[in-house]
Amino acid sequence: MTTTPITGTPPSPAPATELVTVTVDGKTQQFPKGTVLLEACNQMGAGVPFFCYHPGLTSPAVCRQCLVDVKGQPKPVPSCYTPVADKMEVMTKSPRALDVRRQMLEFTLVNHPIDCPICDKAGECLLQKHYFDWDAKLARNDGIKVKKAKVVDIGPRIVLDQERCILCTRCIRVCDEVAKTHQLEMADRGDHEVLTTAPGHQLDNPYSLNTVDVCPVGALTSKDFRFAMRAWELYTTPSICPGCATGCNIEVHHSHGKIQRLIPRQNDQVNEHWMCDEGRLTYKRVHAQRLAAPMSGGVPVDWDRALDDAGRALRVALDAGPAQVGVVMNAQSTNEDLYALARLTFDHLGLGKVYLAGLDQGWSDDILVSADKNPNTAGAMAIGAGRLRTLLDLANDLKSGAVTTLLVVGTHGVIGKDGAPGALPLDRLTTLVVVGTHRDEVTAAAKVALPLAEWAESDGTFTNRLGMVQRVRAAVPPAGDSLPGWEILSHLARKLGATMEFTEAKTVFAEAKQKLPFMKDAEWGRPLLPVQLRFAGSRG
Amino acid sequence: MAVGVKVVNRPGSLAQQAYLPAIAEGLGVTFRHFVKNFFGNVTGNRKKTDIATMEYPEEKMKYPERNRGLHRLMLRDDGQVRCVACMMCPTVCPAHCITIVPEEAPDGRIEKRPMIFEIDELRCVVCGLCVEACPCDAIRMDTLDHAKPTYRRVDAILDKEELMSRGIQSTAVQGGVGAFWRERVGGQPQTPPAGAVVPAGAPHGPTPLRDHGHK
Amino acid sequence: MEYGSLAFQALAATIKIVFMILGFLMPLASILTWMERRESAMMQDRLGPNRANIGPFKLWGITHFMADAVKFLFKEDFVPPKAHKFLFMWAPIMAMAPALIVAAIIPFGPPLCWNELLEKNPVCGQPINLQIAQLDVGLLFYFAISSLAVYGATLAGWASHNKWAMMGGLRATSQMMSYEVTMGMAVLGSFLVYGTLEPGAIVAQQTHIFSLGHYHSSWGIFLQPAGFVLFLTAAIAETKRTPFDIPEGEPEIIGYFVEYSGLRFGMFFLGEFLEIVVSSAIMITLFFGGYHWGNTIDNALLSHLPNFVFVLAMFGLWTVKVFAFCGFQLMIRWSLPRFRSDQLMRLGWQRLLPISIANVVATALVVLWAQQ
C-alpha cells in the first residue's frame, strides 16, 4: 500500500527499542521487540495467510490460518498472536504447518456458500486468494451446507450475508476499537455460529463502512457500492478525502471516468486504516449537477469567448475602481488553485477585498471527524496570511455597496453561509464572475461562469488541520469542459494583462513551495498511473 | 552472368520441354471433371457429381452442432433469466461487446440479476469466451443462427428480452452441482462431475499460483 | 431469276453473308461467352451461371449472354479525358471486324445444286458454293486480314492514354508478330499437300477421314500432324487467350482494354470469341475435313437425301465440329497456366518456328518423293 509523502509535522522518531533476531525459513533478520510474528514473517516474504489478523486491530487468533511452526514449540503457533522473541526459528512452510493451515482452510470452506459470481468481494477476497494460493483442490465435502440468513439489513449502510461470514470477528473489533461502539456480536455455537447485531443495536456508527473494508470475505457489503461494479473492473488512484479538515488518506476507485467508491489508505499519522462513512460519500458530488461548459450571460459558450467576456468584465470593473472589486477564495480549493488566485489578486491586481468561503461547520468527534468540513482551510489561511475576510464581511460590503464586482473561485458554501439562499445579496453586484464546479445559485447568478474541475479531477495538495501538506491526485477526467483552477486563473490573468504562466499543477506547486513557508517541506511525489485492481492483487 | 544470379538447371526430358504430354494430362483431368459434372448435372443427378456449389436461397447450409452463432440467455425453471450478472463475460470479452448493469433482485433467493444485458452483435467477434466464462450456463451461442443484418447499427444491439426470447430452461443444476453430487453421478471421489469447476493447472502443493504481491 | 446472272450472284452472296454473320457467327460467339463460364465451372466442380431466365424458362442459364448484352448497353461509355477520341472509338471495331471478314473464305457446306434441290445424287450442273468468297489466295487472305486484328489491340492501348494499356498493346503486338510467322509456316505444309490455297478446294479434297490408298484425300490432321499442333498453338496465341493472354491478363497484369467500359468493352469481348469461332472453323477446314464426315457417311447421305436436306445435314455436322473445337479451345484456356513473357517469346521463336520450318521442308521432300 503506497502512502503519499507526508510533510508538515514530521513523525517523532520512534524510541530506540531493543532488536531481536528472528530466523524465518532460513533467513535471518532483526526486528524491534514486540513485533507481531506474522508481520515479521510477511516482511521477509513468507506470505503467511491470515483472516482475522488486521494490523490496525487487536489479534484474537480465531481463524487459525496463520499457524506456523516455531522451533521448540510442540504445536504450530498462531503467528498473529505471538510476538517475536530473540533467536526464534520459524518454519512457515514446514509440512506440518502447511498441512494444518490447509485443514483450517478446508474447515473454513465447509459451510461457505461459494457464491463468488454474485459476491461483491470476489476479486479482492482473502478466502479466494488463500484458496488459490494454498489449496486449489476440489471439495471433499459434498454434504448439505448449513443454511444461514442471507440478505440481512443490519444498518443504514450495510448488508450482512451470514453464510459468507467466516467468523473472523474483524468487524466486531472495528466497532469496538475504532468506533468505540459494541454494535456487532457473535451468536450461537459451532457451525451454526453467526455474526449478528448486538441486542437492541443497529450497525449505524459513523465508521461502520470500515467493517466492509476489513471483512475478508463478502459477508458485509456496502449498500452504496453493492452490485455496482466488480472489484477487478476498478482502477485505483491514491488521494485525500475532501470531507473535512482531517484529510484522511484514501484510494479513489473509479472506472470509465466515474468514481465508484472511496476506501481508506493507511497513514498512521492521519487516519491509520480508517475513514468515516460521511467521507466515503463525498465522491457523489463529483458526478452530480456539474457545470459542464463555460457560460456567458446564461448561455453555453466556448472557452475563448467565456474568457474574453470574463476578462473584459473584470477589466472594466478594475478600470472603474479596484477598491470595489472583491475576490472570494474557497477552502475547498487546492493549495495550487489558492496560490494562483492569491498571486493574481494580491500581486498582479493589488486587490484588498479578499474573502474566504467554505462549507459550514459540522459535527465532530475525537476519532477522525473534524468540525471544519473543508479540506484545505489551513492552506487557505496560510496563503491568505491574515488578509482574508469572512463571508459576513462580504455580505456587509455588498449591502453597503463597497463591493460591486466579485470574482468567485469555488462556490462551495458561498450561498449557504447564513442558512438561507440569498443571504448574500448577489443581485446588488454589477458584475459577478464565477469559477465554479456545480450548477448552483452562484453560477446561475454569474455574468460569466467558468467550469472548475473537482478535487478528484485535478492534481494538487491539501493542507489538513495538522498542517500536513498532502497530495491529491486526479483520478477521473474533468467533467465536460471544466479545467483546473490554476489553469483557468492563468488564462484569466493573461486576459487582464498579467503574466502568470503556469503550464501544469506541478509548476504552481514548485513556485508555491518556494514562496510559502508552510509548504517548504512538501513533496509532489512521483507521477502514478491508475492501477487496475485486476492486477493489483487481493486487498483486505 | 550478372552478380547474384544463380542459374538453376531445370530438370527435364524432351517430353517435359515439349509441354505436350503435360498439356494432354492436364486436359485429361479437366475433361474428366467436366464430363462427370456435366452429365451428372444434365441428368439431374447432382449427387454423382463433384459440384460443391450450394444454391443459396433454395438450399441453405446446415450449421454444425457446435457452431458458435447468435447469443441467447438461458432461463431458470420459473422463466426468469439465469444470468446472475457476475460480469465474467464482459470481463473476458475481447471485443467489449457485452454491457451488463446489475441490480438487486426483489426475490431474495436470487439476490443479483441483470437489469440491462446488451450484446452488440456488430462488435462481437464470435469467439465464444463468454460462454466458457459463464459459471451459470446462462449465456450460450448454440442457436445455430447468425446475427441478422440490420439497417441501423442500433438494431444490432440485442437487449435482454430479445436474448431471452431464444432461451430455454437449462439442464444444468442451478446453484452449482449441489449437495451429494458424488452419489448422484456415482463417480469416483477424485473425478469431478460434468460442470464442476476445476481450476486449470491447480497446484497440489504449497506453491502459490502466482505472487499476488499481498502485503 | 436466272442462275449465274449478276443479280443472282449478288443475292446469293448477300444471303450467305447475312446468314454467316447473324445466323452463325454472332449467336455462336454470344453463346460461347456463357458456355465458357459454364464449362469452366463444370471443370472446377462448380455450377456456373444458371440463373438468367425468361419467365419460367431457365434453359440452364443460357440467356445470360442477353443479360450481359443489356448490361453492356446500359453501362456508362467512359472515354478517358486525354484519350485519342477517334482511335479510342474505332479500336474495338478494328479488333472485331477482321474475325468477321475472315469468315468469308470458310466453306460451311457442300455446294447446293440449284436446279436439283430435291434430287438424290444430283449431277450438280448449277452449284452454289456455300462459301461467301471463293478466293484463290484464300489462306493468304486469312493471314492478311487476321493479322490486322492486332491493330485493334495496339490502337486501343495507345489511344487510351494509359501507360499500362499502352504496354498491354505493345505486348499484343510482339506476341502477334511472333506467332503469325509460325502460323504461316504451319499452313504452308497443308498447301504443299493439297496443292491449293483455296479453302473450298482444300475441303473438297478431304473426302476420306484416313485412307492410305487415297492419302491425298485424307484429313489434314493425318497428313500434317505437326502442322496442326503448330497451327493450334499459333491460333490460340492469336486469340490472346490463356495460356497466351499476356496482352490482357485481366486478373493481375493490366491489359490494353483497361480503359474500356460498356459496349466498347463488349466488342473486345465478343471479338475474342469471334476469333475463337473463326479459328476453329479454319482449323476444321484445314485439318478436319471441313464439312466432310468421311466417304461412307457422305455418300450415304448424298444418295438417300434430297440435295437441300443433304446440304443442311452437312452444315449441321460442320456446326457440330466447330462447336466441339470451340469447346476444346475453352478447355485449354481453363486447364493451362499462363506463359511468362520471355517463355512465350522463346517458345515462339526458338521452338515453334524451327519446327514449322522443318515441317515444311520434310513435307516438301515427301511430296516430291510421292510425285515421282
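A, B and C label the chains in the order they appear, each numbered from 1.
Heads up, the rule we're going with is that contacts are C-beta pairs under 8 Å (C-beta built on N, C-alpha and C of every residue); 3 or more make two chains touch, one makes a residue touch a chain.
Bear in mind the structure is a predicted one, so any value in this text is a computation, not a measurement.
Colleague: In terms of touching chains, how many steps apart are chain A and chain C, taking the shortest path?
Modeller: 2
Colleague: Go through B-C and A-B and name the pair with more C-beta contacts between its chains.
Modeller: Most C-beta pairs in contact, of the two: A-B.
Colleague: Starting from the mean Cα coordinates of chain A and chain C, work out the distance between those two points in Å.
Modeller: Taking the mean C-alpha position of each chain, the two centres sit 91 Å apart.
Colleague: If you average the CA atoms of chain B and of chain C, how far apart do the two points sit, in angstrom?
Modeller: Roughly 55 Å, centre to centre.
Colleague: Go ahead and note the Å separation of the Cα centroids belonging to chain A and chain B.
Modeller: 45
Colleague: Which bits of chain B are touching chain A when the two form their complex?
Modeller: 84-88, 91, 102-104, 108, 111-112, 135-136, 176, 179-183, 189, 192, 196, 198-199, 202-204, 206, 208-209, 211-215
Colleague: Any idea which chain B residues touch chain C in the complex?
Modeller: So the residues of chain B touching chain C come out as 20, 23, 26-27, 29-31, 33-34, 37-38, 41, 49-53, 55.
Colleague: Give every residue of chain C touching chain B within the complex, in rising order.
Modeller: 39, 41-47, 229, 331-332, 334-336
Colleague: Per the contact definition, I'd like the list of chain A residues that touch chain B in the complex.
Modeller: Residue list for chain A touching chain B: 1, 42, 47, 93, 98, 114, 116-118, 122, 129, 132-134, 136-138, 140, 142-145, 150-151, 226-228, 230, 232-233, 536-538.
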